[in-house]
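Each structure below is given as structure tokens.
The same subunit A turns up in both complexes below, where it pairs with subunit B and then with subunit C.
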Partner chain A sequence: MTTDDVEIDDIRSLVCVQLGLARVVDEDHLVSDLGAESADVVNLIAAVEDKYGIEIAEDEIPDIHTVRDLYERVRGRR
Partner chain B sequence: MRRELGAFESALTLSDAHAPLNVVAVLRLEAGPPAEVLERGLEALRLRHPLLRARIAAEGGRYFFELRRVPAIPLRVVPRPDDAAWVEETEAELDERLDSGRGPLLRCAYLASDGTGACEILLTFHHAIMDAASATSLFKELLTVCGELEAGRVPESDEAPLLPAVEDSFPSAFRGWRRRQGVGRFMLRMLGAEVVDRWRARGRWNAPPPEPTRNRILSFQLSENETRALVRRSRRRRLTLHSVFDAATLLAVARRLYAGQSLPLRHLVFANLRPYLTPPVADENLGACFAMLRFTTALGPHRDLWKLAAEINAPVHAASKRGAKYLFQLTSAAAMRFLLRRDTDRMAATAISYTGPVRFDAAAPYRVRGLHAFVSNFRLGPEYTAQIRLYDSKLWWDILYLEPELDSPAARRLAGDIHALLTADETTP
Partner chain C sequence: MPTPRFATLIEMLEARARHAGGRSAFRFGGRDYTFAKVWESAERFAGCLMEHGLRPGDRAVLVLPNGAEFFTAFYGAQRAGVVAVPIFPGSGAERVLALADLCGARAIVVASGASASMRERLAGQTPAANLTVLEVADSDGCSSEAGFPGVEHGDLCYIQYTSGSTGDPKGVRITHAMALANVEQLIAGMAITADEVFVSWLPVHHDMGLVLKTMVPFFLGARLVLLPASLTHVRRWLEAIERHRATFTAAPDFAYRLCLRRIKNPADFDLSSLRVALNAAEPVRRRTVEDFHAAFGLEGVMVPGYGLAEATVGVSMWPPGTPIEVDDRGFVSVGRAFPEIDVAIVRDGERVSVGEVGEIVIRGPANTAGYYRNPRATGELFWRDEFLRTGDLGYLDADRDLFVVGREKNIIIHGGRNVAPREVEEIVDRVPFVRRSAAVGIDRGRLEGEQVYVFAEVRGKPAEDELRAMAVGIVRDVHGALGFRPGRVVLVRPRAIPLTDNGKLRHRALRERYLDASLRQQGRILFPDY
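The block that comes next holds the complex of A and B.
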């Protein structure tokens, strides 16, 4: 799978699995809405990197606030 | 206008009353504004942020921020004989208490150019009014305002709010009767852990050094390549950088200050509460919106960095999920009173604060060469402390130690050990 084929559903599912949630919406804030701790964010970013073969720099992480931000980053739009 | 200090703000104020607890943030610029522009910039910030017009009034064992009759932010222009002059100046700032009863709770020193154009702005503030997030934001605001003033424009911005005590914005599970219940259980658990830790250590922890002590600092950086490699290794193992930094510091301290004995060591970690508050608090709003958590980890002579980091990562994550960051905050004033009254114990062996990536707008009027931050320590505080941030794709380590407990060569050896641990070639996949 290339990052062009990624759908936001894929990212939603990944977030649900990593944070142990049943459902998330695109505008959910990973920390303030979904309660992600720093270790959760590391797990989530690492899972995204492994699945899509990309590397997200440490200083990009503060720009990834929401589920949609993560999707946009995977698609290379950020 | 007045507002009572919250539990953690009170703990920081109690600590400051015992020994200076200053945060000194150092902004290094390639070229800075004229001193009179900086003075006007500070005044603009003072008018915008209520806490920069505050003093702390003590009444019957309680503390209040009072926003009346507080003088302007003092600005001291200091000669800059060389590029390292900021180090000595920072150490002096760490040791000199702010007059919190009179205010203001911030002062500024400006190491003006030595002819090269380079300069440093030192902001020294009371920890109860600012955390790392808001201090960085305040520096950005100061540079923007000074740039506007230099361009002949009048900076315009609305007055920032005076935030309520941080515990008033905790999630609902940590408010009201549930808060009281949670605090009671947490204090009992902490008391039990204290007894167990002391029995396991059996008097082998280092005693507080005699007075007087002096705050001394040193800094090092990981290169861009070293930083990238470390981030990759940490992420591959699903470990936070904070846990890895904590592990490296504990290993170095165990080796250098405890001769590699097998014993439990206590370590402080810090958590940014801003995004977890209801509603979340933006970095632009000044306040001490952070928590200090203490953990105990078993050390031995041949511990592996990554295994130790994993042992630290798991309980820190679990405690954060349980809401320990709120409970530590709520019990901090009582814990500080206990520590100061006993006057026999150290808070911990190490204290690590990783504040994450810091960026300055590339279009800002002044080019930033570097950013440092240090927090005063005292004889009952941790033995070795570090403030770490990612800036310009490099990890910046700012270390503080107490003299005469450690001398400069010993502190540098310890820092060298940490650097070596973080950059060692991988021997395991």
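The block that comes next holds the complex of A and C.
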């Protein structure tokens, strides 16, 4: 699977599984809306990396605020 | 040990209130709380506990976050001769009750405004008879003129629950004598003075945050700036260090790593006032120390330390101002033991030679005498009756510098907190369709360090969306009960989790099979597909 095929729905589902939530919306802020701690964000990043075989550098993590940001990053648009 | 300056923590606080009552005991949320104010609120709260029928030696579980109310309740309990049992304030109702039950508590103390929700959360449970839920504000109308009981040097002061290898929370008994002995050791060993300025976000319910970061400054009358126990905004920690010209802070390694990641322009911060940034409660990484110094233009400030709740907290620390020592395997020395503490390394019941690895055992006046109401665990706690077994593996070099190289048990250190696999497994095993579960610590080399990975064997043949819902449920339940989320939930086929011949979980083997991908290659993983 190339990351071009990733749907935002896949990312939503991944966020739900990592954070233990039934649903999320794209504009949800991972920390302030969804209650993610720093470890949760990093585990989420690790899940995305494993799933799509990409690497997200440490210094990119602080720019990923919302579910949509994460999606955009996976699609390589950021 | 020289004659202690104070016999009890109560004497300590009272002396501060009497001789320096107008002085700030701590600053929190932009407000200073004077020693006089802390003392007065504590006495009122003590009166409140007594009005509710608590007697000396009774236990009160404190479910309170960092802030003024914690000190009101903690020192209020001391004033009434009541044993404080401070616990993680994010604990779910079930855990609060389980701990209250373990120590036979008479009261659960929650933050003002929180008792309705706590009572509601407890409603579905079956609390023991005569267990009351109090909020700190309940003491507002109480009298501080009650005849307070006498409290002695050797009386129990607080119980610190910690996770053993089996997951049964074990209550470390700490007396006034032990707490004050460790406070004096920390002061002597770290050369702390009354001029020190402490900045701390460490949780006050837990050993390092409680003893090092609040009792030590109270003891000396040193300035303390307390922050909420959260690293969501790590900048606020560094901003507080800069604004208050802090000289002393402390945190587990991961918190410093987090600073390195989150702070894009470290040059914006002036941390030059720091004398000590203690790095303890988690394995110390050489890279963290070096990178932190380099990023913030510091030298000899971050010092590795070692301790455990069973020794009140502090055991050893690398001397500030001197370069750290790293051995050829990359382990960082946690320095030499504090005064009056004797460290030995033991294997198969005998001391080993210099440089040889064994279990770290310690002897000292701040060692607990054992676990509360737990003779079995207490019986296993000591080597030759006087040395406390830490469960950590390490060695002493020729200079008697201590190196910690691992753990003897399967304890997972998640964010500076000990997590026993069984604590997690007990929660996961109750999720419908879960046949058996195992929790292991996995460190992927990321800044956050070791994370709790949950493996759960699933019954039947659930569809993809059912598996996902199950994983969501497991995360939610663990988070609700223990206050953190697993790093990953992996659903596996029955019998994928390796067991010993007598049916015990083989955590280490499971971790290896996951990391070398053999679990995946054998088709044992049902979810997720990554």
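Note that in this section the second predicted complex is superposed on the first by the 78 of 78 C-alpha atoms of A that agree within 3 Å, B and C clash if a C-alpha of one lies under 4 Å from a C-alpha of the other, contacts with A are read in each partner's own complex, and residues count from 1 in each chain.
Keep in mind that, in the parts below, a residue touches a chain if its C-beta (ideal position, glycine included) is under 8 Å from a C-beta of that chain, and two chains touch if they have at least 3 such contacts.
The structure displayed is predicted, hence computed values, not measured ones.
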Contact-wise, after the overlay, does A:H29 reach subunit B, subunit C, both or neither (first, second, both, neither)? first
Quick check for you: in the superposed arrangement, does A:N43 touch first (subunit B), second (subunit C), both or neither? both
Looking at A:I8 after the superposition, I want to know if it touches subunit B, subunit C, both of them or none. Which is it: first, second, both, neither? neither
Please indicate which partner A:E58 is in contact with in the superposed arrangement: first for subunit B, second for subunit C, both, or neither. both
What is the contact status of A:C16 with respect to subunit B (first) and subunit C (second): first, second, both, or neither? second
For subunit A, which residues lie in the overlap of the subunit B contacts and the subunit C contacts? 31, 37-40, 42-43, 46, 58-59, 61-62
Contact set on subunit B toward subunit A in their complex: 227-228, 231-232, 234-236, 238-243, 275-276, 280, 313, 316-317, 320-321, 356-357, 359, 390, 393
Subunit A touches which residues of subunit C in the complex? 231-232, 234, 254, 258, 261-262, 264, 414-415, 444, 446-448, 451, 468, 471-479, 484-489, 528-530
List the residues on subunit A that touch subunit C in their complex, please. 13, 16-22, 31, 37-40, 42-43, 46-47, 50-51, 58-59, 61-62
So in the complex, the part of subunit A that touches subunit B is made up of which residues? 29, 31-32, 35, 37-40, 42-43, 45-46, 49, 55, 57-59, 61-62
